[in-house]
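Taking it in order: structure first as structure tokens, then the write-up.
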Amino acid sequence: MSLLALSDITIRYSRLTAVREVSFSMTEGEILFITGPNGAGKSSLLRAIAGVTPVAGGKIQLAGQDITGQAPENIARLGLSMVPEGREVFGSLTIEENLLVGTGMQTRDRNSRARTASDLEAVYTIFPILKDRRNGQAGLLSGGQQQMLVIGRALMTNPRLIAIDEPSLGLAPNITDQVYERLIALQAQRQLTLLIVEQSSARAMMVGGRMILMRGGQIVLDGDARTLGSGEAIQAAYFGYEDH
Amino acid sequence: DDEKVVVGFATAESGFMEAYDKPAQEAAMIRIEEINAAGGLLGKQIEVVKADTKSDRAEGAKAGLSVLDQGADLVVVSCDYDFGSPAALAAEDAGQVSFFLCAESVKAGIQGVGPHSFSASVLAPVQGATMAEWAFKEKGAKDFYRLLDTWTVYNKGICDGFDWMMPKLEAQGAKLVGEDTFKNEDASIAAQITRIKSLPKEPDAIMLCTMMPGAVSAIKQLRAAGINSMILNGSGVDGSYWLSAVPDLTNFYVPVQGSIYGDDPSADVNKFNTVYKEKTGAEPSSQYVYPGYVMIDVWAKAVERAGTTDADAVVAELEKMKDEPTLFGTRTFTPELHHQNRARYLIVETKAGKPGVVGEWTISEPVPMEAILK
Amino acid sequence: MLQTLFDALSLGSLYALGALGIALIFGVMRLVNFAHGDVIAFCVFALLWPSTDAMAIVFAGQLPWYLLVPFVLLCGAGLSVLCEIVVFRRFRNANPATMMIASFALGFVIRYFLLMLYSSRPKSISLLPALSQPVEIFGARLPLLQLITIVATMAILIGLTLFLRQTRFGLEMRAAAENFSMARMLGVRANRVIMGAFALSGALAGAIALIFGSQTGTVDIQMGASIMLMAFIATVIGGLGSLGGAVLAGFLLGAASVVMQVALPVDARPFRDAFVYGAVILVLLFRPQGLIAARGTKERV
Amino acid sequence: MSHLSAENVSVAFAGLKALSAVDLQITPGRISGLIGPNGAGKTTLVNVLTGFQSPSEGAVKLDGEALVGLKPHQVRRRGIARTFQGGRLFRDLPVVDNLEVTGVGLGMSRRAAIAEAEAMLDWIGIASLGSRIAGTLPYTDERRVAIGRALMGRPSYVLLDEPAAGMSGPESKELSALIRRIATDLGCGVLLIEHNVGLVLGLCEHIVVLDSGAIIEEGPPASIRDSEKVRHAYMGTAANTDLPVLEVME
Amino acid sequence: MSAVSSAPETQLTGDVIAARKPARFTLARKTIVTPVLLSLLLIAITLITVMTGSRPFNQTVIDVLVRVIFVVGLYIFIGNSGVLSFGHIGFTCLGAYAAAWLTINPIMKSSALPGLPDWLLQTRLIYWQAAILAALFAGVAALIFGKVLMRLSGIAASIATFAVLAMINTIYSNWDSVTGGTSSVVGIPIIRTIWPYLIGAVAAIFIAWAHAISRSGLALRAARDEPTAAAASGVDIPKERLVAFVVSGAVMGLGGALMAHSIGVVTPDTFYLSLTFITLSMLVVGGMGSLSGGVIGVVLLSALIQALRWMEGGVSLGDATFALPKGIQEIALGVIMIVILALRPSGLMGNREITLTRSKRNM
């Protein structure tokens, strides 16, 4: 059964239709890259899945439940962890507080407390700088450090599905590597499902998995990342963008 | 003008002034009904028109214009000078007589609004002067303390009268031992109280120049701090409706033009109270009901004497009144002053939470213009 | 001297309690809640039966203190939560000016509603008369109420700080304040959190109402307004978002007021507030971020 | 020769050394690169150069004259422009006005500023965006508008903070052509901060590598690419340097 | 090298970036429709009023015009800078008292306000001269306060402006010999013809427009959204704020003077919190980012208030008179304001200006 299923999703901003009848689904443990030129509607789609942007039509299902129009917190509680575009850190909280915000969903039971502590350690191992600065104000971090923080935060909530909008944004190349290594490891260990908006097709090729290419609010290509990434089709898709 | 005489009320029917305007207006209505029942004024019935000032100055000006447009021969304006003056000015502008329901500032008259404007009440300085002189002469108070709430002219007026009287009393042995100010809305007057308590000896009397609602708060705090001096006030705190706030209040004095407590020396006043209760369902809540009645009374007399409602003729007749008797004391108007600078006051004492008339006092000389205009 | 200290503390406590109520809501919604003063007024009026007579008809005011206190606190919390559900919830994404004006309009509605029910005349009530007894400590004689005010404020302050520190509520509140939709994406039930903050703030309004009502014996439509203003100022100069700062600034404002009253010559005393506000401007010029800049209000380029 | 330089600049934030004794020089007509791990101090250095951050030690000099205590707007008026890591456009204003603001800030009349803004948009190749409200633009366009805004009044120096972040291959290719034109056609001294190493290596004549606030390496692109130190501290696997831009540029 | 650059068709003439100078006053011509339309609206309202000939209605419309001046004055600062000011009504107070000082008959003045300097006691000006001086006086006061305050931003600036208001209020309430203290100052000539108010309001609108299209206005609006970027664009933010503060202070002063002449009395607490909030509300409900919003906010809310008052006063439908209970007006007004704001959080007009072409350009 699919973990996430979108059928005929349409998203509108007043007069502009940003996403037009998009459908796709993901099975548990799958890696899916979404790529495409600017303004293709990738971020809009992710925000709609997370419940923060209303859809004008269509249906979204997560773990078998219809989540269309559901409150974001309820969707999060079903196991979606979202890293939105633009670093949305809580600038006035400390770094550690930022990491802990989402763990409130589970504090009641004891195990989860221990788990939170170990999750925290895990995040700190990937991004040691966050540990060094754990009591510092998050808003003062450098751009890339903030990006590390939001990715780390997404890992803290024990999700089934992580949706990340451009994980490499502002990250140093070697850190990007580490982020991907970690995500893939989690995917392998925990059957974590990954939905990643990524501009670098080289990256998608390297990681593998499935890839969707969006343009003008629609899916124009859907296939294996390794083969699609280098192909002519992708070039064509981009040149299609440059034509207009 | 041909068939009827029109009295226009440009007063507050809503907003915070309503509570002050309405009772006096009811009393005015009582007098109007009496006149109408007795055949009217100049043989014509008095018709009443109203416009709501909403307790707002700009609205007040509109209300004034509105009753003028409806042909008012007399424009009755809000009790308070500040809120009544825009409408009174509109009347003045149109050359019509205006009466403040119960304003106690000299500006509610020639000195402020203009030559066609009057007030039926008594100047605030008279109240301060009355209380000081009475407390000294009748109660033997020697050490006075002056506590002024700077919120309104009315408050300052009471203290002005007190200030004018004090030097005379000091010549006879009284003493001002200290003074202080506060603001009506102050959440606490603890600092002021501390200053009083640090005096070598508790003063005999505290002249408290303030008004509602800060008055209750100040009195309560004074007593709670254990200060038991006489508290002298202006008429603004008359009424028993608030006494529950300070249980068993004692040694507390207020000057009034007539008693609402049923013990007025004049039977007519007590009768009026009954009529008022029949009409409105409640006894007068304070002495500020009475000026409304006085106002219609003196104006109607002046109209009868002038034989016309023409403003200048009526003003001329009003200015001839000297010690004109009314139900609530005499009234004098002159071409210099459309207000009372001297009046007989009843003194109400509150003792163990019960108010009652304990005396009567008229200041030895009228408060002079300099003190009034201060 | 000691007496003056107590005076300053007790006035300061009132401002501090007010500032806490405002700072809580500001902290969670970036909303300067001008309706807070009217919630205070509402709590006092709730002790009376609606009537437009001059004489107050006491209703809940006669309850014994152990019922009276919770009653008033609940009134405040209830009204405050109602305001949030009916009004403020619709302003989650509005800019601060819009929210501020909405809160002002809401206060206006509450105020005129009370006016209709109770008329504009201030009413009197004897609330917890036992508290008007003077007591003596360290040679200073002061009303018991002053003492209780000071102690209660301290207790509330400590309790609230602990509550916000020790429970997740505080963290979630601050997260929701900073970025409402991100907090929700992380599973924070932000609407509930905000409601909780409103309930707390309303209860604080109730506490002020009780103290203020017992102190002045007056029930007046305007009674919340001046405290609200001072509290608002205290919140800002204390450092927006910092509860401790709000409280500190509340006490300082109270102290400034009392000290000016004591120190100024009699002719200058009516101008006391001008000096106090002048001091406010000075503080802002030297510390625009407030006395205790809330952690994390710094911004980087 | 005229130049903008940071000399021995150090910045500390409450115990954290964000920059220590950094020297850097930018000359008109040349593109210099500034790379380094996250938190290395790149943005902080730009902040120091543009008056947003005062150094705890060292100085910024324009043609040898120290710029001490100047406010950001004063620095800008001396011809040192910058962009920001986040777009920071005036979101409620149309694109033309976004550029116009700089003109006005530099003392032009509105008329002259509009004229130059339109010409600038045209030069960048986004003339069609002129009347769009800046807040509704997609990412790439936002970046180009920000660059246009910085170029108003023809500054001598322009410091670009991660202009290509979030851009796809073809988009960064376009951008890199634009940056080159800024140096050659306008004669600006450009400082380019980027994590797209391909772009930096392809464009810059001189590259400075910062790590933990200190310069660990500097030199021409080839030597940087081959530096073991840089590869270790910063670049990671081949996926990063293998970006399409590199192919095009070389 | 430049071979690589695939530059789009640029005119690489002598100067690389060739600018065509637009004609003079294009900006003014493009945007002047807005103030003209707004003025026409006010003129139409005035003409209707004059035709009805009702004195109370005339007074009501005078009030509306005075409010327009206030709200437009607020807009000049708040709308462009984005800093909410609670202090502007203080400048109105200064203007109103200045008008009183300059126009009251010297005999009354020397008895009511003996503390005024001699030359002022002797002066008696015509109302419009006084209004202009009052505006200047308020402008100078704004300059002095602004010099100190404009370094602040955000809520700290708001509170500081409020402190200015409170200081002015405290001083004017207690400096008895110069201001008459809390008591009303009377004797100000009452002007009941509507035209001066119309002229004042139209002047305010054009001043606001001129400021908005000026360099200073643009720079300030940019700084409102993104102060950091504005500074990096060479904008001296405190200076631009100060310019707006002074201009708006002067307009508020003008409004204050006219208000004094419309009622004939001034007191300090007329110019305090409630006026502050009413004018702010009108601006915010109309849309604080737009001049049209300010004007339309005043006109609509005033019309609404008036309509509710009539209903309170009683409306006859057939033989039945239907009247709302007293006090409902304020409640209804509050509720309607909340509803408008909930539906349109950035006000009725948002950031738009009324124009003939529906262009989005915001000056």
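Before moving on, here are some points about what is shown:
When the chains are written out, they are named A, B, C, D and E in that same order, and each has its own residue count from 1.
The rule is short, and it goes like this: a contact is a pair of C-beta atoms (placed from the backbone, for glycine too) under 8 Å apart; a residue touches a chain by one contact, two chains touch by 3 or more.
This is a predicted model, so every value here is computed, not measured.
Looking at the partners of subunit B and subunit D together, the chains they share are C, E. For the pair subunit B and subunit C, chains touching both partners: E.
Each chain gets a centre from the mean of its Cα atoms; the one farthest from the centre of subunit C is D.
Computed centre separation for the pair subunit B/subunit E is 39 angstrom, with centres defined by C-alpha atoms. One inter-chain figure worth recording: subunit A and subunit B are separated by 75 Å, centre to centre, where each centre is the mean of the chain's CA atoms. Each chain gets a centre from the mean of its Cα atoms; for subunit A and subunit E, those two points are 48 Å apart. Shown for subunit B are the residues in touch with two or more other chains, namely 14-15, 18, 150. Shared interface positions of subunit D, i.e. residues touching 2 or more other chains, are given as 43, 52, 84.
Chain contacts: subunit E has residues 173-174, 228, 326-327 touching two or more partner chains.
Every pair of chains meeting the contact definition is listed here: A-C, A-D, B-C, B-E, C-D, C-E, D-E. Residue ranges of subunit B in contact with subunit C, taken from their complex: 14-20, 55, 150, 179-183, 185-188, 190-195, 197-198, 212-213, 216-217, 220-221, 223-226, 239-247, 282, 285-286. Note for the complex: subunit C touches subunit B at residues 3-4, 6-8, 10-11, 14-15, 53-56, 58, 115, 119-126, 129, 132-134, 141-143, 145-146, 212, 215-218, 220-223, 225-227, 230, 257-258, 261-262, 266, 269-270, 273. Subunit E contributes residues 1-2, 4-8, 10, 12, 16-22, 24, 26-27, 213-215, 218-219, 221-222, 224-226, 228-237, 289, 351, 360-362 to its touches with subunit D in the complex.
On subunit E, the positions that touch subunit C within their shared complex are 78, 84, 148-149, 151-153, 155-156, 158-160, 162-164, 166-167, 170-171, 173-174, 228, 273, 277, 280-281, 284-285, 288, 325-328, 330-331, 333-335, 337-338, 341-342, 345-347.
For subunit C in complex with subunit D, the residues that touch the partner chain are 301.
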